[in-house]
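Lettered A, B, C and D in written order, each chain numbered from 1.
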Amino acid sequence: MLQADPHICETSFHVRYAETDAMGFVHHAVYLVWFEEGRSAFIREQGWSYAEIERSGYFLVASDLRARYLRAARYDQRVTVRVWLAQVKSRQMTFQCEVVDSASGECFFSASLKLLCLNRAGEITRIPPAWGAWLRE
Amino acid sequence: MLQADPHICETSFHVRYAETDAMGFVHHAVYLVWFEEGRSAFIREQGWSYAEIERSGYFLVASDLRARYLRAARYDQRVTVRVWLAQVKSRQMTFQCEVVDSASGECFFSASLKLLCLNRAGEITRIPPAWGAWLRE
Amino acid sequence: MLQADPHICETSFHVRYAETDAMGFVHHAVYLVWFEEGRSAFIREQGWSYAEIERSGYFLVASDLRARYLRAARYDQRVTVRVWLAQVKSRQMTFQCEVVDSASGECFFSASLKLLCLNRAGEITRIPPAWGAWLRE
Amino acid sequence: MLQADPHICETSFHVRYAETDAMGFVHHAVYLVWFEEGRSAFIREQGWSYAEIERSGYFLVASDLRARYLRAARYDQRVTVRVWLAQVKSRQMTFQCEVVDSASGECFFSASLKLLCLNRAGEITRIPPAWGAWLRE
């Protein structure tokens, strides 16, 4: 199911010093951590929690990632992570993300990540109907 | 100079998934990253920025750390990092930190870190008088 | 220039505990750190060093990433990072990477990363001819 | 039991780019990750594995840390992590660590970490006698 006009969840925070590297900018792996935190916030905003999802025996695992680095963020900048659900299928979902400068709106990073739904045995499985609440709003 | 009744800066956020380890709890190195972010917030709250400090040619580098791990934090918990300046000397300062559960107030971690003031040449140097503003409030 | 039969650099190490997450496996952002270490090893193997490249005023920055997560690595497993140069253009190069189980050869992760060559001013610039040595072997 | 003349386990690797920060040196939290990898190597060298310890239902968790930062390590430097067991008690053990420049032997970091032995319920428990093999060599 493609999401027309999807809900966008925004989370903002300051760039941490530990997130920079010797080039003086945010290390490129850190954006994946922010994207993940954006997904957590997205689920939280729907009144769910990814922690509950795991307690109920399901896991969402990264499968396919496409990312573009457009501009470099710096320590102490305020950044906003914008996350939305782009597509839901029976056993997978795709989130998209943009990280922007909270002040100017300039885009640092954009990405798309396909996640598979696994059960405790590590097998790809159907997304439980109970998730409809936050998946289809 | 020992700080009697120091100002405490509080910063709160959710535990990120990437910050956990296979034990299911926050990895012990992550608390140092939070403590550092707490110091950034402390300086920001005084109307300064550690980024400005570096631009002006000074660096605060970790020298001596004492940390206690009291309880394990989990993914998605809301935590509060409390940071205060415990002592200021001519060439060094000591920050203290507590990380607590934002809801219950239970303490996960407490630490004390001595930082040295360096110049661009990497030499230990006097803390510039201009910092008085945020150091002695 | 597409590289036919490119040189493959292999680097092996154990998965660190800090690299796992609460799911019990390696966190998906960590593979980018390993890929980067594989590129460092690749350059080192050619008798150069990425540190020297930066000292000479050039930077290679991540621009476009495509990654697939195939299987989950665990703490203490021995993994091998295989990195090769897939393409070199005047102002950019593309590295590819596979992370495999050192014992079984099973593949955990594969990725392709385009890097841009920047100068100190942060402008996209031509790759210096002096790099020919390790770029075209 | 204090260890007189303890066995020292040495592990060497190159500093990864992701381990540096905007100051151009290794971030201070990274040394804890290296110390932990040094403990893993220590246990591995004794023919055990910390992964096996966890599978058998025990966990070693950080309790008390004392660390000194003496010198800053840089990207691509070869570093050696030296780890030894300083003390073993019925429910806890203390590891010590030095990180040195592999070439010059100069010391970057020294630390002491007390770890508690927990069972699956998270209770402090006696170190199993079966561990005698690697604890008392």
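Keep this in mind: a contact is a pair of C-beta atoms (placed from the backbone, for glycine too) under 8 Å apart; a residue touches a chain by one contact, two chains touch by 3 or more.
Everything numeric here is computed off the predicted structure, so don't read it as measured data.
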Exercise. Thinking of A-C, which of B-D, B-C or A-B forms a repeat of its interface, with over half the contact pairs identical?
Worked result: B-D
Exercise. Which chain has its C-alpha centre farthest away from the C-alpha centre of chain D?
Worked result: A
Exercise. Which integer distance in Å separates the CA centroid of chain C from that of chain D?
Worked result: 28
Problem set entry | Centre-to-centre distance between chain D and chain A (centres being mean Cα positions), rounded to whole Å | 33
Seminar exercise, completed: Among all residues of chain C, those touching at least two other chains are 17-18, 22, 29, 32-33, 36, 74-75
For this session: Assign the assembly's chain-to-chain touch graph to one of these shapes: line, ring, star, complete, other.
Result: complete
Problem set entry | Touching residues on chain D, where the partner in the complex is chain C | 13-14, 16-18, 32-33, 36-37, 40-41, 44, 49-51, 74-76
For this session: Provide the residue numbers of chain A that touch chain D in the complex, in ascending order.
Result: 17-18, 20-22, 24-25, 27, 29, 74-75
Seminar exercise, completed: As the complex stands, chain D meets chain B at residues 22-23, 28-30, 32-33, 36, 54, 59, 61-69, 72, 122
